[in-house]
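Both complexes shown next keep subunit A, but they swap its partner, so subunit B is in the first and subunit C is in the second.
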Partner chain A sequence: MDVSYLRQQSGVAAMTVIIGFEGSANKIGIGIIRDGEVLSNPRRTYITPPGQGFMPSDTARHHRAVILTVLKEALEEAGLKPADIDGVAYTKGPGMGAPLVTVALVARTVAQLWGKPLLGVNHCVGHIEMGRLITKANNPTVLYVSGGNTQVIAYSERRYRIFGETIDIAVGNCLDRFARVIKVKSKISNDPSPGYNIEQMAKKGTQYVELPYTVKGMDVSFSGILSYIEEAAHKMLSSDQCTAEDLCFSLQETVFSMLVEITERAMAHCGSQEVLIVGGVGCNLRLQEMMGVMCKERGAKLFATDERFCIDNGAMIAQAGWEMFRSGQVTKLEDSWITQRYRTDEVEVTWRD
Partner chain B sequence: MAAVDAETNHETGKLEFSLDVPFPSPREALIALRSLSPDREPRKGGISKELSVSDSTLSVRWSADEARILRVSVNSFLDHLSLVVETMEMFDSSASQ
Partner chain C sequence: MADPEFFRGAQLLKQGAEARLYRARFLGKPTIVKERFPKCYRHPVLDEKLTHRRTVQEVRSILRCRRAGISAPVVYFVDYKSHCIFLEEIVGSSTVRDYISSTQSKSCKERELEHLAEHIGQILAKMHDEDVIHGDLTTSNMLLRCVLNVGESELILIDFGLSYISALPEDKGVDLYVLEKAFLSTHPNTEELFEKLLKSYAASSKRSSAVIKKLDEVRLRGRKRSMVG
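This part shows the complex of A and B:
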């Protein structure tokens, strides 16, 4: 058994190095963290042609083709050998099955080759812990927004509790799918992401097109807005009633207002004075700006990160794995199966008071 | 169809398929077994897969209701197997020392 692992077990303070593998959607990332310091965090994105989403089997094929190169990069950039690593963290779920399996296979294999314990991480918890590490937010209300997830989360008694969430599709999925249907001169590119390109187009929008506003208590719904704007887009663009830029602007203003509203309600409920935005949509500057206005009005602080850590990456899985490892939570090989559904509140947060 | 019938186990009426994968040593065969075993088949029924190791050989035995389901499972297993083997070739620190 590895020496540094035994040192940890005996309770003597030592630096802990964790490698994290992430590949639950169209990014494959491997990051190495040593006690809060990101040593390396290379990533590749599977970018599909304009107008197309990413399918599980194609995405898994992409990840298989590059994962070992990314692993080599992660070790070389960190300047580490396998013997320097204390634990191997990987995304157990939630996410797309085939890409998750691909990444788990490599994590399991290197964990055995190097004789290190495995750490099965909940992807959402990875985002939260990375956000806390980078921003130093202490006990924030978390808005987790991405292509697959939309949740308002607050910590209480060893769980990240979900206060509000989408009842149908994720906000990022709504933006991605809107990008696929609107055609201006050409379709919106998926490079670097459809959401980023919508954000740039929205800056040139001048006219607000009214859309359904669908907050249901603490929850939100986006599928109706998507259907509505898809139909409106065909009609209004062909008759020059508005521009594609106007629609991008209107969609962002509407869905982000909804997210700010439920975040504010969760803060009021918890008496929280901090907001942390995580997930891929979290690097949208307009969302950060709108959330910032609400925080200022309440005398609260807003925390957000940039695309390196907001968007899926390996370091976030390493960071959550680091917390699990330090609190003695490891995953046995036979329990290391991946799961497409894995709620944030299923994880016992053994590393917080 | 004749070939498929030939592979059918007459007692259970199921299609069976078996695969033997040789490894350099029992250590690699066991690592592959433990890496490939944890995930369940994605579909609920119609197929089962048993993995075992004897010496340096990893053996897999499938039993399926339909050829179509069997093909999907065998295909994805072979993709997974090649990834595990490639990982071992590139990152076995004990072998390179």
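This part shows the complex of A and C:
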């Protein structure tokens, strides 16, 4: 489809409605956005038994089973027919292969059935654009923290540039795996997420246990903490030197301090006075509280969203797709593949100055 | 030395990521006081541990660099109670970051930038040969000072707060990786310039081949790692 034709179609008077499909990990979400307004945003989560992570093929099976129900919900809740939609956005990557393929296949199919253009969205950019939309943050330093990503990002010259990131595993992955390995009477549940349950347990922790603290400039490393907990912490638990709640508390205090520190370093480096937290771990209230204290000390402003928009959802893909569509960036059918590895800074941000 | 009287006479220069910098005079000399104030967002035990460790490491690494002939500010005095380091003020200097930003647009200065990149590579090679890992290499943490009768600028390394001593190629590789990311994100379209820096590093250090190999490994960890969610 010709891009200039699309521009005409999305002229100033007409509103642009984009539907977004997200399924890069264990959430499947479909959201509809009309010029900054979230019309619907239903979501399902694939929850595994305690002690287990989610495997790609099982996750894809889950998404396949519910995606048409979620799609129907999204349209009904928005009160729209397919004819009202201007474009179909889907997550192109990064993420798990099998779930990404499943969702992209459905997005491609409906786009062709409805005769609408496709918009292949970078998942991380989706998070950033949704955060900017909801919080109205103008040009923030972004901390993107989730099960698969830990990045400190700032915008310059048409790219979301990565100033700092994890050099091994993501912070959410560290929390998830901690929940799986820690040996308490009953394992920490994956419902609604391991991170949420760690957050609740941490509130009852009182004793601070020293854990490895690894910051390298604006980068962080979490793998050492996990190995440490697997070894030393088990001994402390079994000899009643500390409780599982103490460990949850200490883990949060340590990893969140690292995240706040690299965010502050990036702010000092870029001269920025705004912070936006996005991604699933971003809805942790203790992280938000610590970031708030840091911002106050510097006279900066903190922007954060709640679980509806922090955690993977369809509307965020629709929002980034909306920006792409309005700036004339569409994805041809033959280019509508997916990729497990897709860096935030690979995307040309054609919609910002 | 956390004497309120002293700080009244001092001028707050800036609040960095983990310390406040004051300009003052110490025994008649122009001095920068780096005060690591308590970070209220951190658990007090963690805060005290990090602050103390970083103050010690910073002073140790500066001394080690200076002994090896690498320019870094002179340490005048350290107060471990208030976590203050009294450092020589590098008068008449600018950051490498500002220099690159102001020079990059001018095409005639390309040669000068290349020369600077090579110089940085040499200094870092020397630092790593001393087993000093800087820990926070950015172009903001390098200063340029004009040396009057030589006609060439002197490169001064600052902010050793995250530094430590290590002989491992892994640590040195990560040090360069941190610089690479900060360099390329701060100064868009400088990939070739950074290549020059690395080439000069490799040529200047006896033990560079293992470090560059590690750097390649660490890069793959960052870029090729699958990222989910």
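Observations, loosely collected:
Everything below uses one rule, namely that the second predicted complex is superposed on the first by the 341 of 353 C-alpha atoms of A that agree within 3 Å, B and C clash if a C-alpha of one lies under 4 Å from a C-alpha of the other, contacts with A are read in each partner's own complex, and residues count from 1 in each chain.
Everything below uses one rule, namely that contacts are C-beta pairs under 8 Å (C-beta built on N, C-alpha and C of every residue); 3 or more make two chains touch, one makes a residue touch a chain.
Bear in mind the structure is a predicted one, so any value in this text is a computation, not a measurement.
If you put the two complexes together on subunit A, you find that subunit B and subunit C both fit without a clash.
When subunit B and subunit C are set side by side, the one touching more residues of subunit A is C. Seen from the Cα centre of subunit A, subunit B and subunit C lie 120° apart once the structures are superposed, a value rounded to the nearest 10.
Once chain A of one complex is fitted onto chain A of the other, the partner contacts of A:260 are limited to subunit C, with no touch recorded for subunit B. Of the two partner chains, neither subunit B nor subunit C is touched by A:228. In the superposition on chain A, A:338 contacts subunit B only, with no contact to subunit C. In the superposition on chain A, A:105 makes contact with subunit B only, while subunit C stays out of contact range.
Shared-chain residue A:351: touches no atom of subunit B or subunit C. When the shared chain is aligned, subunit C comes close enough to touch A:168, but subunit B does not. In the superposition on chain A, A:68 makes contact with subunit B only, while subunit C stays out of contact range.
This overlay, made by fitting chain A, leaves subunit B and subunit C with a least C-alpha separation of 14 Å. Those residues of subunit A lying in contact with subunit C across their complex are 24-26, 94-96, 124, 146-149, 154, 156-157, 159, 161-165, 167-168, 170, 172, 208, 210, 213, 215-219, 253-254, 257, 260-261, 264-265, 267-269, 279-280, 290-291, 293-294, 297-298, 312, 340-343, 345.
Taken together, the subunit A residues at the contact with subunit B in this complex read 60, 64, 67-68, 71-72, 81-83, 97-98, 101-102, 104-106, 108-110, 112-114, 333-338.
Residue ranges of subunit B in contact with subunit A, taken from their complex: 31-32, 34-40, 42, 76, 79-80, 83-84, 86-88, 90-94. Interface of subunit C with subunit A (complex): residues 15-18, 39-43, 45-46, 49-50, 135-138, 140, 162, 174-175, 177-179, 181-182, 185-186, 188, 218, 221-229.
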